[in-house]
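What follows is a structure written as structure tokens; I'll ask about it next.
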């Protein structure tokens, strides 16, 4: 979590300063979902995520330096600089990629789950998506498909209550995503997404059900994005009190307090934070000075070879 | 457009907004629909001011449900409205192609003219700023291939406004493709007004006709200024209808044709123009028609790679020069 | 209903004999849904239907001769011979057309409902669709959109339990379409689709709710198609007992019996049937001898003008 | 393919089935997915026998949810399978274009080759039997325009089988476009086997090169038999990759090119070929390149109107003749 926080804060700064090109959507405030879900997965489990996927990808074990370099578009980036923030992937770790098409990850995860099932691999596929994506047809179609085929797919919804500039509660009569799972004969549950232990517990149980052949599960994690939809968004659309009340439920603070209760010292906690900050700084330095991709290679892999 | 407006310089993005506002003002059947086009004023702020001025019954925020709201816009057109519906990025036709090509494009014909589908599909493209492969496609050729759809791609503020008004007024479904790389560009609203379907000769020249559209109009104008050959730059403005008359008239004089566009060259709209000119002016062409588009590669994120794949003014000028050298 | 029955029986025969080209999907056995729903609508209400739409279109008041001629592809057809069975439309009667894309009608009806609402016309739009189409993303997206905008749209599902050659109950964990409406905050109900009075009663009430501004309604009509998916389908996939048990619940018989109970004589009932048969015969004769469309007109109306 | 099979005549539809069966037999990662492809054996019975032979774990019936199951096939390919997924009619790309063009076509490139998406999108087209405007489109040009996709369109049983096997083996996503008007046609499995990406010279000739594919191969062969000009008929077999080498070699001899295809002519794949030949053989062409495709009209239901819109052998022959007359 600390690493994600440090990463995203730094990315926001770099983006503002024009060091990172393209579009960037940070997951500040949502770190516990990433950490809790991905921390409950096996290394070979699959992950398909969204435009707001840095945290998930990091938590799933992608190399920090490779990620940062990718945001810079460098040759040493996880995708050789071809993907960028919205398309970071690391197939070796089951990470099928962030995706810039809202809702596209759910069918892909369905397919990965299908592959796992047909080949008897016992791998679970997790599809992250926002509550805004729930209104997309792919949610409906993919969840139904997973249900009838009993596929080991976890539908992990990050309900941060906003889709771009819109309050998602105005875009459906049934704002509870968990409730909508019943239409597919799937169990849906709602979990406080800023509490990493709650996230991990719910995920662990759901993933085990998936792995044991019961088919898909859906968990809605209620959380909040601290920054705008994209970096640079002025956010006139969110009430201040709402934003500040969520800031008070900082997932990192919640965890820190709990660790402190369990006996962690301030120094130990500070060390974790400092360590994360250092790793990010090192990654930034490396990314800054890394080589650009070789333009002569620009035609490679168009046809997958 | 008022004379006061005609004397202004506007940004391309403002001109689109102006076009929509005029259409909304003069025809109660016009509505604007799309994701965050209302209070949010659009992800690029193209619909700025519309929500405040026309209210939520005319400027409709939709959920992220392109099949439904694009399809609903088509249905509303059948029901007598004149919707302007936004598909946020042109790449997103991937999630809502059916209402465009199988419904809107076909129902007027299939019903023998009994149903009209007067709808504007607003969308935008514009590579060059690291938006990545899923947010950088210029897919006009795909839609131009479908009978029943018109496809316009304004390159100037004046055209953006005019073509918006013309698209709204058109009985046919019109795909209105903006270029986000042009949003901030200013241009005179005093530019001559042309109807939908007419290309614009932007610069007169003698040696080579350069046919282009969208973002590439600017690059071709830059190329013309390089000045080693005299280029006649034609901004197509609409891909369907395709104003071959203007193109042919120009190539008849220059004897040479270069087509430059942002989209991938292979199976792009340039091929159609090349094929037609190759046929109609076979005896007149002094050199083979050239095309200059993006190579067959998904657009990479890295800015330098992206630049490598987008022919610049120098490349356009060089191609024109070598066309002159060829004959 | 008798007219639909006579029409479909004749069409099946004509198709078998090669007199009607293209694909044909008949609605034999489902007549009560068409009659009950469309009979409860105003003339200016909208209708968007499916590949299996003859009955709906007839019941909505489309001209019989024009329909038959359309199936023959003749100039006097409702679409001048350009549409055929899967594309019959009659906009003057609010009929936006049958549609060959499964699920496409729901967004179109949504839009028609939107137009009605925005222009204050009080017109309701009905989208017919099969239970197979429920798994299509358009169902999910359109129903949600209608719900949040309170659009006057009736989602009329003909659940005939089969989608092509598949038992639809195997293609979802929640075979009750009505139940799935809850995910959208919409009331869903299930009605015996072979009982025209039940159909009309449910539709009448739902349409009134739509018209009064409550938003969309969903009704699932349980029924059965007597013939194959298309004319010519050998139907190895359906148990005989199932098919015959539904034949016993013939919507026409149910109605006839009820009318008889209410005092209609056998002669009166026979007259209705005979009249329908005659009208169909006349329509067929007219269609057979009608003129082909003028090939010189083939380019007209491509661009809606 | 066994020698016994090579000596047979098969129907086109059987040959596709044979190709799938061989792929299923030799590679456990191959699965077949689609609406009613299983016990129902496909709406046109292309998957006949597969369900019985390979069972429901290899031949998967899907709900009517193209976005999900086509997308799932793409995801399964990422997960190491080699799915053959059916899009029942080519027109239905309207409801599932995203997984094809934005996911499958792009992810191998965007991940710098780390992800492979070895998938076959089986689909079919074939106008001429009153299927109506929403079930009659030949949309290969749309997909060919997207970098990352290969597009094959077999015209003979031998090619149908070979290209299916090649498509399954290919590391790239391949769109496999069948033509339902050819399903019942028989052809020798002894025909020479060619790799994916190579065009076939079906008939040698001297006067005019006729490039064609799919349903139109047969019409062009008929036209060749009319015999007033000597036609060299080339069956392209794949649109991407485009075998320009074979086309160019032929036109170098004949000096004349006619391109005939089922799809709408405007912005169709023929334009790309015309543009390339016009450029590469500018000095050699004896007459301007001609194209013969469907006019810009949604396909009407009426059989006679439909015929009017589909150039027949006589029209092809007449065009060839007039090409000869031109120069």
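Observations, loosely collected:
For clarity, chains are labelled A, B, C and D in written order, and residue numbers in each chain start from 1.
Here is the rule we go by: a residue touches a chain if its C-beta (ideal position, glycine included) is under 8 Å from a C-beta of that chain, and two chains touch if they have at least 3 such contacts.
Bear in mind that the values here come from a model prediction, so they are computed numbers and not experimental data.
Within the contact network of the assembly, the step distance from chain A to chain C comes to 1. More inter-chain C-beta contacts link the pair B-C than the other of B-C and C-D.
Averaging C-alpha coordinates per chain and comparing to chain C, the farthest chain turns out to be A. Distance between chain centres (mean CA atoms), chain A to chain D: 40 Å.
A straight line joining the Cα centres of chain C and chain D is 35 Å long.
Separating the CA-averaged centres of chain B and chain D is a span of 30 Å. For chain B, the set of residues touching two or more other chains reads 62-63, 65, 67-68, 91, 94-95, 98-99, 102, 109-110, 132-134, 147-148, 295-298, 300-301.
Looking at chain A, one finds that residues 79, 82-83, 87, 99, 101, 135-138, 140-141, 144, 148, 171-172, 302 touch two or more other chains.
Viewed as a network of touching protein chains, the structure reduces to a complete graph with every chain in contact with every other. Against chain C, in their complex, chain D makes its touches with residues 35-36, 39-40, 43, 61-68, 91-92, 94-95, 129-135, 295-298, 300-305, 308-309. Per the touch definition, chain D reaches chain A in the complex via residues 29, 31, 57, 60, 62-63, 65, 67-81, 83, 98-99, 102-103, 107-118, 147-148, 150, 170-173. For chain B in complex with chain D, the touching residues are 67, 91, 93-95, 97-102, 105-106, 109-110, 132-134, 139, 141-142, 144-148, 240, 242, 263-264, 266-272, 274-275, 278-280, 282, 285, 287-291, 295-298, 300-301. For chain A in complex with chain D, the touching residues are 46, 48, 79-80, 82-83, 87, 89-92, 96-97, 99, 101, 104, 106-116, 118-119, 123, 125, 137-138, 140-142, 144-145, 148-149, 300-305.
Of all residues in chain C, those touching chain D in their complex are 21-23, 73-74, 79, 81-84, 86-87, 99-103, 132-133, 135-137, 163-166, 171-172, 237, 292-293, 295, 298-299, 302.
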